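Chain lettering (A, B, C and D) follows the sequence in which the chains are written, and residue indices restart at 1 in each chain.
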Amino acid sequence: MRSFEVKNRTSADDVTRLRLITAIKTPYLPDGRFDLEAYDDLVNMQIINGADGIIVGGTTGEGQLMSWDEHIMLIGHTVNCFGGKVKVIGNTGSNSTREAIHATEQGFAVGMHAALHINPYYGKTSLEGLISHFDCVLSMGPTIIYNVPSRTGQDIPPRVILTLSRSANLAGVKECMGNDRIKQYTSNGIVVWSGNDDQCHDARWGYGATGVISVTSNLVPGLMQELMFGGRNPALNAKLIPLMDWLFCEPNPIGLNTALAQLGVIRPVFRLPYVPLPLQKRIEFVNLVKDIGREHFVGEKDVEVLDDEDFILVGRY
Amino acid sequence: MRSFEVKNRTSADDVTRLRLITAIKTPYLPDGRFDLEAYDDLVNMQIINGADGIIVGGTTGEGQLMSWDEHIMLIGHTVNCFGGKVKVIGNTGSNSTREAIHATEQGFAVGMHAALHINPYYGKTSLEGLISHFDCVLSMGPTIIYNVPSRTGQDIPPRVILTLSRSANLAGVKECMGNDRIKQYTSNGIVVWSGNDDQCHDARWGYGATGVISVTSNLVPGLMQELMFGGRNPALNAKLIPLMDWLFCEPNPIGLNTALAQLGVIRPVFRLPYVPLPLQKRIEFVNLVKDIGREHFVGEKDVEVLDDEDFILVGRY
Amino acid sequence: MRSFEVKNRTSADDVTRLRLITAIKTPYLPDGRFDLEAYDDLVNMQIINGADGIIVGGTTGEGQLMSWDEHIMLIGHTVNCFGGKVKVIGNTGSNSTREAIHATEQGFAVGMHAALHINPYYGKTSLEGLISHFDCVLSMGPTIIYNVPSRTGQDIPPRVILTLSRSANLAGVKECMGNDRIKQYTSNGIVVWSGNDDQCHDARWGYGATGVISVTSNLVPGLMQELMFGGRNPALNAKLIPLMDWLFCEPNPIGLNTALAQLGVIRPVFRLPYVPLPLQKRIEFVNLVKDIGREHFVGEKDVEVLDDEDFILVGRY
Amino acid sequence: MRSFEVKNRTSADDVTRLRLITAIKTPYLPDGRFDLEAYDDLVNMQIINGADGIIVGGTTGEGQLMSWDEHIMLIGHTVNCFGGKVKVIGNTGSNSTREAIHATEQGFAVGMHAALHINPYYGKTSLEGLISHFDCVLSMGPTIIYNVPSRTGQDIPPRVILTLSRSANLAGVKECMGNDRIKQYTSNGIVVWSGNDDQCHDARWGYGATGVISVTSNLVPGLMQELMFGGRNPALNAKLIPLMDWLFCEPNPIGLNTALAQLGVIRPVFRLPYVPLPLQKRIEFVNLVKDIGREHFVGEKDVEVLDDEDFILVGRY
């Protein structure tokens, strides 16, 4: 079920050159459907501020809370409206091989430039099973493998990555196991993006990482662009660390969702099981924005604390 | 769930100017999935030969045999690859208002230029129910209403169309009730496309129709373009009538599927409940191609009769 | 994917003995989900008043407005709670052969006693396609074929039924083409249920029909039981005709939905594209109930006219 | 969307008395669909050998590889055929609150006696989010919470369980964090099932656990019944430990799937990402069966090693 139209031809090489990839937030309407207007604004702010690529429906974008038809629709929408300006990487991974196959096939059909693939979380499998899983989807197009044992309960060891790297479609790895692991890959010619914002400066400038797949760049895309393109900058990195610590005080994207609502760029709507950070943390965020400078953050409105009642939590949507 | 990006802005006016709209065939792989390579070829042949628009997943394209995610994916694919060259009209109608709402919202989100909407077939409803049904989707974007009582079991009477025509999004009507009905609309400033290939010449040149939404143009796009753009041409019309009679000897798209397989532009794969025309009819088609001229038909291969065993019928896919 | 557990063994013979089968209404909560409490009450009233079988998710039960998972869930629920007291016939037909296969397989897996199958409405197909379609599902278990050209746009001719009747699983036909057609079948040993309430008395007592698959029995199950089991009774039939005329003044189940809401046995919630009958018709219904006798109708509350604002119409659910 | 029919009334108390609950294997046909005949046999062997309950579509039963409609269908099938003999606990948990709500509602509607709920794996959430997630489903019926941080990446701490235990629907906890954690709960009157087969003997007889939710009982139900009901039996426990070690040498259910195929009670069909254990391990299993005694294992056939080519791995189904 492949298409060879020009518009559907992307090479893994094109993907390896992306340095700042934002795992974009998916905003919602009060009834839980996508808020495409707000989404378009978020994407445009990434493009204007220098992001090279976006991940659609990653864990940050809450792909795990989407039905597949919503997910593919969002990929198709993003490609159609922004595909000429930014690379669109669809998170079409799944712990079910069937679903990963189906979604990846559809994602490439609607024009995504690359797929992000996770190992089978929760269900898990053997290393041989892992390889079989990835083999089913690697042939479909440029692919980034995502390793995040703190979510999946299972590390993808280097020998699996080395096996998969024989495929011309493996663009690289989004790695959360730290900079030593990254070094191990980059020394062997494997492209890596840091999956940890607080390590990405060092990863980029000290361990050979190509760049970052970032959550923080949803908030301060320009500063993250500077961090990835502007050369070593420990001062900027240090300035951002408190924001990153705040962002990840609870499982992502809880912090991000709360922050974007406080910045007035999305409606304060959460799909459960995510709930906003508590009041004290929201006050902290306002102070962080002041410290770093409102002008570096997305949006134009004043940052607000918001009351508990301002938030809408939706379970059925 | 609307997007106002430039790429998602189409006006009903743009749609009213389309004259030759092809209800494009969806080709399949032997396991029943979409054959996107063959599909891309079919669409390109339409563009090269002058079609202005295509209907994706109409009854001809067997939208009724698709899951909605397949359907929306195909719309998104078509927009992404061909949306700059041809208007893409998604058949996001349904006899379920919920499904029509959901599909239309998604279709516009992935960039379709207009929606085709059918009245609730099979389940049917009252005239008031009809209006409520269409009202739910008309606000979403440019819309063509499709009236085909021989399939739906229920005529959409002019007073319903007149009521709906108050919406700026109503681009027009695809009408199968004959040229007098068409005249009734065009005299009142309502745009109409003929839904019957054998009446479309007269509809266009004698009854005010803007053009046709055609099945036959899948086979002979250039001749249908001539018929719609080249002025009155009873000779050409008469030449095509035997082909049209053959095409509709059984419910569409049985004839079309058979013909495209014989022309070698699609694999001879049918999703049930469609089955190929019998041998005798396939022999007739070869003769029709010779009479009209192979060069007017899509594809480059010799037209073949094909054996019964050449066809693959799939029920699970 | 078959099961041979005792609970899953039903014979077509068991099905042929059912005389009063009610195409049961599906009631809704204000948000459009199923109202299972009200549903259970409706089913219990059928059982108490002598119905032998129920159709789950027929056109009356608005299967066309259900997702398949809802539909199969409702079949499973009905089997689990009531399967020992009434035969449960799932409407697992579709105009898509794939969907019919999938739903029928699942319906038998959750214990339904028989399947109701429609010919491919809207999409239609050739007679050979019809046979292929039904052949895909007949092997799965006892089957009733449903012929209603006013909805499907295509008559299932006797020669198709005769071909299918070679299968031991064909329990019989639900026929809406009138009593002469019924006679043609019953003379040839084919079991038939009338699909038209206003013809079912004559069908049963004059044309050999086994019984009826009824809409009216949702309202007056006891009287319909009498009509089917109590011998010729033209007086009772005549008494019911005005009610039947009222019920079908608009496409079913518009009248039925309105009536059940007026009787207070369901909430006045409509899934679009269905909308309630207008005020004048609702007043007529109150008079019909008085004429026939409130005690013959389901429920205990006074029949009410209801205001337009009492009704809730849902498009997203 | 609740039903109060007798058949749908189960109390959490009924659930707390179950001692041996088997997380039942889901067997497949060569095309990847469910093999219901084999499934029915597996369930019957559990009933005959004394299991009190079964988990349908747990991680062992590969719920993570099912579509929800398959999953609910399997629950409905199990209730219909076996619900009078064994308690049916549907794993209707999900990392998406929406999916958990929808599946749990449907599972109870088709008659399951209790729900098994996992915390949001992979996506994760805050403790407050956890409580909100479980609160959405606890009201629907008897519930077992499942804690398995090695799969979910996140421990459910005792304070969350204590909060949830205020609900009369919380039957108890399936706990994998070891026997000290179990003791902490059972000392506080919270019912616990061990989620680790190798710890369940001690959990039951030394730490207050009610019983076990077991994988091993798929293979040797009678011995596991003895272990849970027959009093302290360190000898039997010791005899089973090598089998348990073998079973979990790779992520479950890889070992179980391989073993059941070798015992001839299921077809050797794997849904990816699961693949069979390698030859050496399969030889070990044959020896384990001999050591423990073939008569204690399910099935009647000789245990076989099987060749690599005997296994069928399916990615599309």
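Note that in this section contacts are C-beta pairs under 8 Å (C-beta built on N, C-alpha and C of every residue); 3 or more make two chains touch, one makes a residue touch a chain.
Not measured: the values here are computed from a predicted model.
**Student:** Which pair in A-B, B-C or C-D has the same interface as A-D, with over half of the contact pairs matching by residue number?
**Tutor:** Matching more than half of the contact pairs of A-D: B-C.
**Student:** Taking all residue numbers at the chain C to chain D contact, is the shared part over half or under half, that is, same or different?
**Tutor:** Chain C and chain D contact each other through largely matching residue numbers.
**Student:** For the Cα fit of chain B against chain C, please give the angle of the superposing rotation, nearest 5 degrees.
**Tutor:** Best-fit rotation on C-alpha atoms: 180 degrees.
**Student:** Where the centres are mean C-alpha positions, what is the separation of chain B from chain C, in Å?
**Tutor:** Here chain B and chain C have centroids separated by 34 Å.
**Student:** Could you grab the centroid distance between chain A and chain B? Build each centroid from C-alpha atoms only and quote it in angstrom.
**Tutor:** 39
**Student:** Taking each chain's centre as its mean C-alpha position, how far apart are chain B and chain D in Å?
**Tutor:** Roughly 50 Å, centre to centre.
**Student:** Do you know which chain C residues sit against two or more other chains?
**Tutor:** In chain C, residues 316 touch at least two other chains, as defined above.
**Student:** Between which chains is there touch?
**Tutor:** A-B, A-D, B-C, C-D
**Student:** Would you mind writing out the residues of chain C in touch with chain D in their complex?
**Tutor:** 1-8, 29, 33-37, 39-40, 68-70, 72-74, 76-77, 79-83, 106, 109-111
**Student:** For chain D, which residues are in contact with chain A within the complex?
**Tutor:** Checking each residue of chain D against chain A gives 32, 59, 62, 64-65, 95-98, 101-102, 118, 120-126, 128-130, 132-133, 136, 149-154, 250-251, 254, 271-275, 277-278, 313, 315-317.
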